[in-house]
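Presented sequentially are two complexes of chain A, the first with chain B as partner and the second with chain C.
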Partner chain A sequence: MNWNIANKNFYRQGLRAFLNVLVTALSIIALIFMLSLLNGFQAQATRNLVLTDVGGGHYRAPGFDILTPTEWEDITMPVPDVLGNLLAKDKAEVLVQQGQLYPNRRLFPVQLRGIAMDQSLLSLPLAGLKSFEDKPGETIPAVVGVKMARKAHLKKGDTVVLKWRDKGGAVDARDILIVDVGDIINPRIDDGVVWLRLDHLRSMTDRDGEVSWVAVREYLGPVQGFEFHGIEILMSDLLALLRQDRINSKILWGILMVLVCTSVFNTQILNIFKRQKEIGTLMALGMEPKRIVSIFTLEGVLGALWALVLAVVLGVPFFIWFHGVGFDVTHLSEASFPIRETIYPDYQPREILVSVSIVLALSIASAWVPVRKVTRLDPTLALRGRAIT
Partner chain B sequence: MSETLITLERVSKVYQVGEENFTALNGVSLEVGKGAFMSFVGPSGSGKTTLLNLIGGLDRPTSGSVLFQGANLENMSREQLAAYRRDNIGFIFQTYNLLPVYSVYENVLFPLILNGLKESQVRERVENMVVKVGLKDQINKKPAQLSGGQCQRVAIARALVKDPLLILADEPTANLDSENSYQVLELMRELNHEYKAAVIFSTHDEKVTRYIRREVRLEDGKVSWDKHRNGSEIET
Partner chain C sequence: MFGIKNKPVAGIFLSFFFCFVGSGIAEEIPAQKLLERVDENLWANTKFVTGRLIIDNGRKVRTLTQDSWMEGTTRSYSHYKSPAREKGTKMLKIGGKLWMYTPRTDRKILIAGHLLRQSMLGSDLSYEDMMEDHKLSYSYSATFSTQSSEDFAGARILNLVARDKKTTYQTRKAWIDPEKQIVLKEERFAKSGKLLKRILFEDYEKIGTRLFPRTMVFRDMLKENTKTTYKFDVIEFDIEIPAKYFSQSILKR
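The block that comes next holds the complex of A and B.
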């Protein structure tokens, strides 16, 4: 009987009930959309970082720190056999040195990255370097990213003076030729980075066979003289940023929840106020106050269930469509995220289930809290519509 | 007098209105027998509705006792009072107080369902009651589709269908025109005769007083006289 009364009362509310259901449904959709987009963003950002820089981790020369460029030159080591013998698809040897460019008579400190041309572990737009001899000629071929090119006012075909120091400390300078401006998704290997052939950089710095690190597909165990930096360490800054994003999303989630709860709470308050006489009548007919509370709470449950249905009806087509078109984030090229493409949401069933359950539980609780006072109502005042003023 | 159904012993009810106390009932004592057809009359604020509420277990007296077949309502919990109303009392209100989402049939059925009966068990009983109050053709209509007189008939059917010992009717004709008032009163007299349920009106409608067998007049929360149609009269 409780269900029957609640059901009829719920539909009697008409537009008010529908608007409540709509707010809750839209909040569910917004919540799933937000979380799934964030999942997609995180997945693509980490994947891009792995594909362009991190691989499965780095075996690094001990003490090498990308944030201390003055020490790079001295922290290089010959590649040990265990790494050197890996297939080109499983490793990428990288030598990092400091240099200075002089575009338009300005000094532009850069990171020189030499990478083996046969490697296929990392995905980088360096095809333009492959056709050159393994010894640099009068001009050294180089590739820069779009961001670097814009900052240094460089374009394909430009030559610019590069100065560097070799292993013995001697300073050398030569023209480099920008053979290509590559579309590098990951800004931290674009901004301030000049890409060279590994054999050229080794030759220029007199560091034959040496590397700063070797990126590998997977951890191979300890390697004598090298220290292994796993994905978590190499992506710690990004992961911290993504964790912060999660926190921010929780704040948004909280705001959405407050909106849903307020809407349901408000409707219930109005319901009780408008239906005092009905409550008084039910009491006079002998219905226990607790049962009246159940009826009103059931109305809230009905609202939550309909919200779920509406969320499915509106949300599923939207999510399917959005999964096809994605979300264009090319504007992030100026940001520090390793992502500059279309993001596709990543729907996690467990996360959706938990989120929807929480929304439903909160909206039911919001429907229950205001009707608890029914148990304390004076039936004689309720019958006259004066129990709640 | 017939077997006693209700006994009021020096019942007082004091309401707090702001910082002042308002005495709605002041030491009222009386007895109501089974099958009574009576009314509390008196001007507004004389305590008629308060007395009905106390008898109906909707309110508790400030002092004194209300006994139903010897059981003191004062000793009952809220749940027990709800059960007392559910099992024994039928209410008829001035504003009908029908459940707006329910049809005539469902409104009349409602008290029986509250009493734990299944619809299949009582369908015929409900339909008969609806026929008895003259609403056979309106059985599936909602209260909003009925006239005031028809609504009050539904309320009467709802009050009677569970075969209560007592019906409390608070100004049942106040919102009705003369013709409908007479029809409702006639119906209630017939049903009182047929079902033997005691009926207590609270009213200041003179039409009602023509029908009842006993009239208790209240003034300033006290019984000023208690008049029986058989000629006996107790003036207090």
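The block that comes next holds the complex of A and C.
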């Protein structure tokens, strides 16, 4: 009975009801889109970092900090047996040193990163280095990323002077040959980085068997003399950024919800005002105020349900289309985000369900709050249209 | 000139030639001794210098004026007087440490470790180059080069090889005037033998009992079109330097 009355009343509202439904539906779509895009960003950034740099974590020489280049040369250690004996697919030995490159005879400070050639834990475009002998010759082969090549005006086949220090502090310099310009999907290991064979860098700096860290597939327990840095620590800056992004998205989501609730609330107020004679008649005929409240609230529920249907009708094709084309974020790599390609939204059913439920609940609550005053209306005044002025 | 039939004559001539040349080398001062004498000429117990550091980075030339007080090889204090940007900057070297004070920040900072390898005030010198606190004869073993000097007639070239693996430049070459026992030019090399820095010592002038270069030109050979010229306008040797000049308390406004 209530449902039928509510249904008829809802459709009689016409354009007003449709606009409410549309606003709520668009808000649901925007909310899902925003959350899924953030999920996609996080998933891709994490994948890129894990694939190219982090692996399952780093066993680092104690005190090593990639953000303190002046100390890189002081913090290297021989690889302990427990890490040295791992299979090449389960570890990547890395040595990081400071260097100075002189492209076009101009100084360009760089990070020299030597990585074992037999490792397969990290995915890096360093195939060009594999064919060289394990002892560096007169010219040292090196690979740089696309971004580094652009900044330093380098291209494949170029020869450029590199200066560095050995373990004792003696200065050395030699020509390096850019054997390849690699497409590195993580700008953090592209910008300002010159990739060398680990054996070459060790030989150049008199650091036989030493590393700055060993990336491993998974945590192996404590290793004497080394500190383990898990994915959360190595990605802490990115995770903090994403946390902040989620807070920002919640603010945006809150604004959207205020708009939706205001729209529904406003419509309900108008409904009661315009339909007070109808309310008065129903009350005069003996209908309990509580029932009148439920009829009006049911109208709000109907609006929310139709909003959900419209969100599915408009949103699903949009999400399918967007999942195909993605979102171009190449500009982010300039700001050293570990994302260099198109990002695709990552739809999480549970998250969508929770978000949609919250939107529907708020929408229904906004429909219920203004009609509560119906219980306090005087039927005689309502019949004359003077109960609410 | 000498045919086959003149072989004995040629042999005698060559014997005489090598005999004379050999006796010449025998009388010559040994390379290491020569280097020590060069050091003795350059280094004094105390020294005061007013000079200009002219930094040419290929696009712009900046001139810094400074007063420096030096005691032996381990202690020195410099006060920059111009340009406005550098005015009031002070540097104090004591042993292996270098402190820098800038009035803009009103702070003194210790330049240590790898910071010492950075370019000093944008010049072709690193802080480390500036801090060099060992005489060459102490840090390097010298031998005469067989290479002949094309730039400086009569100069002898010394090959200097570092005695310690930790010495920044493992090899150097120094062009020495053996008569005046002064250095005319120096080249510093990487371990691989690549030339890194070239220094010219010019405008030698007799100051007291010493011959001292009024101008030193530093070039970073890995960079293009850059040079740093150090011109000494006033030089005084063996002066009394107040103890406060080598105290960190001087590093303030």
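By our rule, the second predicted complex is superposed on the first by the 389 of 389 C-alpha atoms of A that agree within 3 Å, B and C clash if a C-alpha of one lies under 4 Å from a C-alpha of the other, contacts with A are read in each partner's own complex, and residues count from 1 in each chain.
Just so we're on the same page, a residue touches a chain if its C-beta (ideal position, glycine included) is under 8 Å from a C-beta of that chain, and two chains touch if they have at least 3 such contacts.
None of these values were measured; they are calculated from a predicted model.
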item	value
Side-by-side fit of chain B and chain C on chain A, or clash	fit
Partner chain(s) touched by A:V161 [first = chain B, second = chain C, both, neither]	second
Which of chain B and chain C A:R174 touches, first, second, both or neither	second
First (chain B), second (chain C), both or neither touched by A:R150	neither
Which of chain B and chain C A:T70 touches, first, second, both or neither	second
Partner chain in contact with A:R106 - chain B first, chain C second, else both or neither	second
Superposed arrangement, angle subtended at the Cα centre of chain A by chain B and chain C, nearest 10 degrees	150
Touched partner set for A:T380, first chain B, second chain C, both or neither	first
Three-chain overlay, closest Cα atoms of chain B and chain C, distance in Å	72
Chain C residues touching chain A - in the complex, by the definition given at the top	113-115, 117, 119, 162, 164-170, 190-192, 194, 196, 222-224
Chain C partner contacts - residues on chain A that touch it in the complex	69-71, 73-74, 98, 102, 104-107, 161, 163, 165-166, 168-174
Complex interface listing, chain A residues touching chain B	1, 5, 8-9, 11-12, 277-278, 280-289, 378-380, 383
Touch list for chain B against partner chain A, complex	53, 56, 58-59, 78-79, 82-87, 89, 91, 93, 95, 97-102, 110-111, 113-115, 158
